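Quick notes on the structure that follows.
We just call them A, B, C and D in the order they show up, numbering each chain from 1.
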Amino acid sequence: MAKGWLKIRPHWFFLSPGVLLISFFYFIPVVLVFVIAFTNMDQAFNWRFVGLANFSRLFTLRDPLIPRIIKNTIVYIVGALPLTIIGALLISLLTMRVNRTASLFFRAVFFLPRLIPPVVWGFLWMWSFEGTRYGVFNSILGSFGLPIIHWFIKFPMLIVIFANGFLGISLAMLIFTSAIASIPRDYLWAAEIDGASFWQTSRFVIIPLLRWPIMTMTAWHLMSFINSYVYIFLITGGGPYHATEVWALYGYNTAFKNYQYGYGSSIMVVLVVINVLLLITLLRSFGMKKMIERSRIEA
Amino acid sequence: MCKKLTMIGFLVVLISLFISTVPVIGVTIESEKVYELTANIIGPGPIGTKKAENIESAAEEINKMLESMGSPVRVKVSVKFSTLKWGPFADKFYMDFRAGKAPDIVNLRWDPKLADGKFIIPLDKYIAMWWDLDFYDFYSNLWKGVTWKNNIWGIPNDICPAGVWYRKDVLRKLGYNDEEILKMLPSDGKTTLNKLAELAKKAVDAGLVEYGILHRPSKGAGFYATLLEFGVKCYDTLTGNLVIDEPALLKFYKWHADMVKEGVIPPEPPSWKTIHATFVEGKTFCTLASHVGTPGEWKKKYGLTDKALENDLGFLPFPPAVRGIEPTSVHEFAPYLITTKCKHPDIAALLIMFATSPHACAIHSAYTLRPPYRGSALEDPLIKDNEYIQKTAPSVRTVQPVPVHPNFWDYMTRAFNALKGVEAGIITPTQAVDDLKSFGTTIPHMEFIKK
Amino acid sequence: MKVILKDLSKHFGNVKAVNNLNLEINDGEFIALLGPSGCGKTTTLLTVAGLYKPTRGYIYFNDRIVNEVSPKDRKIGMVFQSYALYPHMTVFDNITFPLKLKKTPREDRKRKALDVARLVHIEGLLNRKPAQLSGGQQQRVALCRALIKEPEILLLDEPLSNLDAKLRAAMRSELKRLQKDLSITTIFVTHDQVEAMTMADRVAVMNEGVLQQFSNPDELYNYPKSLFVAGFIGSPSINLIDVSLARSNGKFFLKGKGVQIELPREISSRVESNSLSPQLVFGIRPEHITVNQKKEGIKAEVYVVEPLGRENLVTIKTSDISLKVLTSPTLKIGPEEKVWIDFNLDKIMLFDKETGRSLLLR
Amino acid sequence: MKKVLGKWTIYISLSLIAIPFLVMYIAFFMQAFSKGITLGVIPQKFGFSNFSFLWNPIPWGLERTSIWGIFLNTVLFASISGFVVTIVCTLAGYALSRLEFRGKVFFLSLQLMLHAITGQILLIAIFFLLFYTKLLYKIPGVALARASLEIPLGIWMAKGFFDTVPWDVERAAIMDGCTRFQVWYMIFLPIIKPGIGALFIWGFLFAWHDFIYVYTLLSGTVPLLSTMLQGLLATEVVDYGVIAALSFFYMLPPLILFVFLQKVLMKAPIMGGKGIA
């Protein structure tokens, strides 16, 4: 152990493994994805630079799927984000009002998705909404003599939104319930004495007090819905006919299903740029510096 | 018996010749020299296992001969059999290859990209060398399917003329007698797809079946065949270019959209399991997803009885959907390929040759109920008395291979994806054709047939 | 409004927070619920507010049982210990929140808010947020919010405990004046006896969920009904000495370790009729002991002298007993000095050791 | 009366939201433990026959893979990830909690930003990076990549644990003559043991559950439980019953871990649950 060195710059010793890993798996890939975006890399792994060809394909609509993908992405985010936040709020507020056992039960039901691995969660949805009589919900319909429903044809986006939204709900619900639990009881009592009904208390007192958690959760899930595609990949794979293919998934499929690594990278580059812009805006509005405490030993 | 002895004689000569080409002849080396090879073999399903076992027994046979010759050389082959679908299996191969874990022998859906990307080696040398010995009676149309840029890249090991299976019992319930059925749907396929659809609709409307017509849930030879029924020209044999045939494609998509509307085709293609299970149960009238050999799978996995196969099921090549088209039967297969990572391609080729011997072919055929891929296998005692195989074997001769073009399967993927979109009602037939047109612009030398 | 609590009990599982409480509060009266923390006083208040449902017993407002009436219909105003001002609303919004819920027109709300704000002198703060106010101002805002509904009962849960000493004294008198001006029946919860004694008309002392005594401050101080009340009320606290009662020659004596006190006749006669067990506790407040250096009374030794300014608090030891005595600063004594003490026998208290009941009261 | 009605509407609306999920969970459970189900949720024949993969090879063609080999692969993968997360984060967390240096605020906010970028969008680049560093298709390499996804938030978590230790403890240790490293190693690590446990489990669980990294960067070559399950689903060679049973087997270790270590885990900042995957 280089003791003298440790004395001079101890923080380098403590930080270096983290810095190393982060540079290797975040910074270099960001650079790399930008570089690959200018090649037409395919299965054969040839580095052939094609200039802006990929981007012109992306932005001049020479890829006719792009409008559909953009529309899907917007529908997906506009659907899943409010579902997550409003759903989680609703469930947290409702479970607050029922007795302890029931509230624990319901919270467990809605928290379970977070403990279920993605593959299993995907399987659960795929199987439940299967368009044949072997699917869970169709077999229930069938046993009542009702015709089966081709869920994935009729409501592909809805299924994807719900599958992802309820995952979001499980996290947001956890945050909101603990935030509600930490509201001093005096506030709720005061509101009750002032004559507020349950909904009025929620609207005028609880929700305004939850402003910070709601904001963080919204930002969090916004990023998450923009960037992640694992569950869509597992449930529909983007189908039927690109009906559930969002931007990030399109990038993944282009690269790893169609082996167009170059074009796929250019799709992902767009996301990287969007992420950076979004983060800058978010950090500005959240005031990052306030969150970080200064240390109290000068050594 | 006599024939077999001469065969063995040939082989012995061959092996001594062959060993001399590999500089390890037993005289100079006392200790045993073992050549270790690996092979990754793909399905279909558990039913294709003989393709893997044949490689193993090929190694045994070779070792026996080497032993009888007193040679210290041995061949050891470790075979992995996978039931992955062809797509994922190919992905896995590419990944293994890049990871440096590619097997010596692999069994993939034939794709010229494999040759262009230098993943596999051409096999002309071996085929020429051993033509008289082994490859002489492979059906000649099979070689066409594995030829690319004047080289042969794979050895056929399986064939399955795709076509239409339908349920006669359903038609009987509709009031037709066997004669009428045979007249409407003759086994040479000289009827029309619309006739089939009309019967399917009747069966559905009568509540006899759940599904009228089911097609494949993924791209494949059967999908290509249905394109051909509509007169869709996908490939120009003269120029070797892919073709986008707008008017025919539009007809193709419109027909499917109409069928979905009529309730003959479900808006969402069911999974393989559902297709097979419902057809065997009699809940599906007709499947376009199967081929001559599929009853083998139905028997093993879905409980099809011989009696039902005999009486209730009917098979015909894909009937034309438009005037002026002949009934067609198409095949694609996963041949044995030798990778460029193989250190002993000679031994690998030898193994493949043994694994495609008439007897090996017969074993595969008997197990799968698929017709043999070489004529002499029909003489093998294993299938000599198998009526079904003997009856269906001639169908192989008229089978045509799928076009060999590096972008052909990309094209099919896109076309099939669009078909799913049309059936689901997400896009119109016109949009589907537009989608293919825009795909066409990304492929070099694509030809277009405009309206 | 008159408030009557009849046999009120509130249990949380096995914990009996309030046990068989009976209280009668007159219209316009200002009463204090006093007791150590955990004695059930806040629970009682919350039960009156309707935030808790009584386990047993009844609450009457005038003659009406209100057990099932929801808090908002009870016409009560409440100030919480933490004030419970909604941090995201301005003072004006906080004050008018109850009116907003009743859909009172904005003009009315403004007028009323100004009226009430004037009452407690915060009319200049209406546009601020609670975080911008001092503790005293927040307290006034909370009071405003309670008053704006024109409640018939005002419930105050330790409203002064978060203020500093000086402000607390000022608020005490202000609250008292306000209550008298508005003559609202007020229930005030506190653990500070000075607050209770100075502000309330009557004080209900509670311990472990049980009412100990409910009477006016003077009575509470001078005639505690129980050992607990005697010990709890008064600062510095009362001197309590374990004694036994002895009789000789027709006279009664209290005998403790090293002390023997002869009881005056009128007291001893009362003791005789009340007492059952001979184990008693003798109580005397520090100001009722006189110290002299003239060798009159019981001999003792000074242990500590704590100057309180106006008086000195002297701890004195005699045999094994230590007593607290208030003396005038003019009496110059120091530790280990020998002194003599005398009890003001008119002011002594006697309690049954076992039951804690006072023996001198009916 | 009105109040009672209000209570009931709450129960009913909660149940209405919960019922589809309950049906899914119950159907899943029943499917795993029975021969088949009718009416969506009613099992036909209760039993453990679907779990035969525990002692037999998985019915996956001739590739006679034992579940236990795959299980061990998964344990190895998740453990490496857990260890890396623990070590890297406890080191960095200490520095960020207790040391003063230039760029600290920047470093901390950078971590939050990095965490927001899920890494899924960098997958193509990571694929190539691992390929050229010869780490592709190898458990340690991919586990390292997977662990790095959790490091930004892990550093924040670790900082939180160190922040809870009173400053006087450290001051005393330094007066007693400890170096910074000794303070970290001898004083802090023992104090924040539950935090270290939480970090490890956290890194372990995310790697255990991971699909897309394993699928893209390890796929086929080295099967883990997640990719094997997905493979079985894609190939349709086994019944839903077996898939449900396998899923159950796959989910069990994290569930057990979670139930037993809930208290420790809950000490970790709640944001520990990561958005969508």
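In this text, contacts are C-beta pairs under 8 Å (C-beta built on N, C-alpha and C of every residue); 3 or more make two chains touch, one makes a residue touch a chain.
Source: prediction; values computed, not measured.
When you average the Cα atoms of each chain and compare centres, the chain farthest from chain C turns out to be B.
Inter-chain spacing, taken between the CA centroids of chain A and chain B, is 42 Å. Averaged C-alpha coordinates give centres for chain A and chain C that are 57 Å from one another.
Averaged C-alpha coordinates put the centre of chain A at 16 Å from the centre of chain D. Looking at chain D, residues 131 sit in touch with two or more other chains.
Counting partners per residue, chain B has 98, 271 as the residues that reach two or more other chains. Residues of chain C in contact with two or more other chains: 70.
Contact annotation for chain pairs lists A-B, A-C, A-D, B-D, with touch applied as defined.
Across the interface of their complex, chain D is touched by residues 1, 3, 6-7, 10-11, 13-15, 17-18, 21-22, 24-26, 28-33, 36, 45, 87, 91, 94-95, 97-98, 102, 106, 109-110, 112, 114-120, 122-128, 134, 136-137, 139-140, 143, 164, 166-168, 170-171, 174-175, 178, 198, 220-221, 223-225, 227-231, 233-234, 248, 251-252, 255-256, 261, 264-265, 268, 271-272, 275, 279, 282-283, 288-289, 292-299 of chain A. By the touch criterion stated above, chain A contacts chain B in their complex at residues 43-45, 62-65, 131-134, 150, 152-153, 239-243, 258. Partner chain C is touched in their complex by these residues of chain A: 184, 186-187, 189-196, 200, 204-205, 208-209, 211. Chain D makes touch with chain B in their complex at residues 60-63, 131, 136-137, 219-221, 231, 234-237.
Across the complex, chain B meets chain D through its residues 43, 45-46, 49, 52, 79-85, 88, 91-92, 95-96, 98-99, 101, 271-273.
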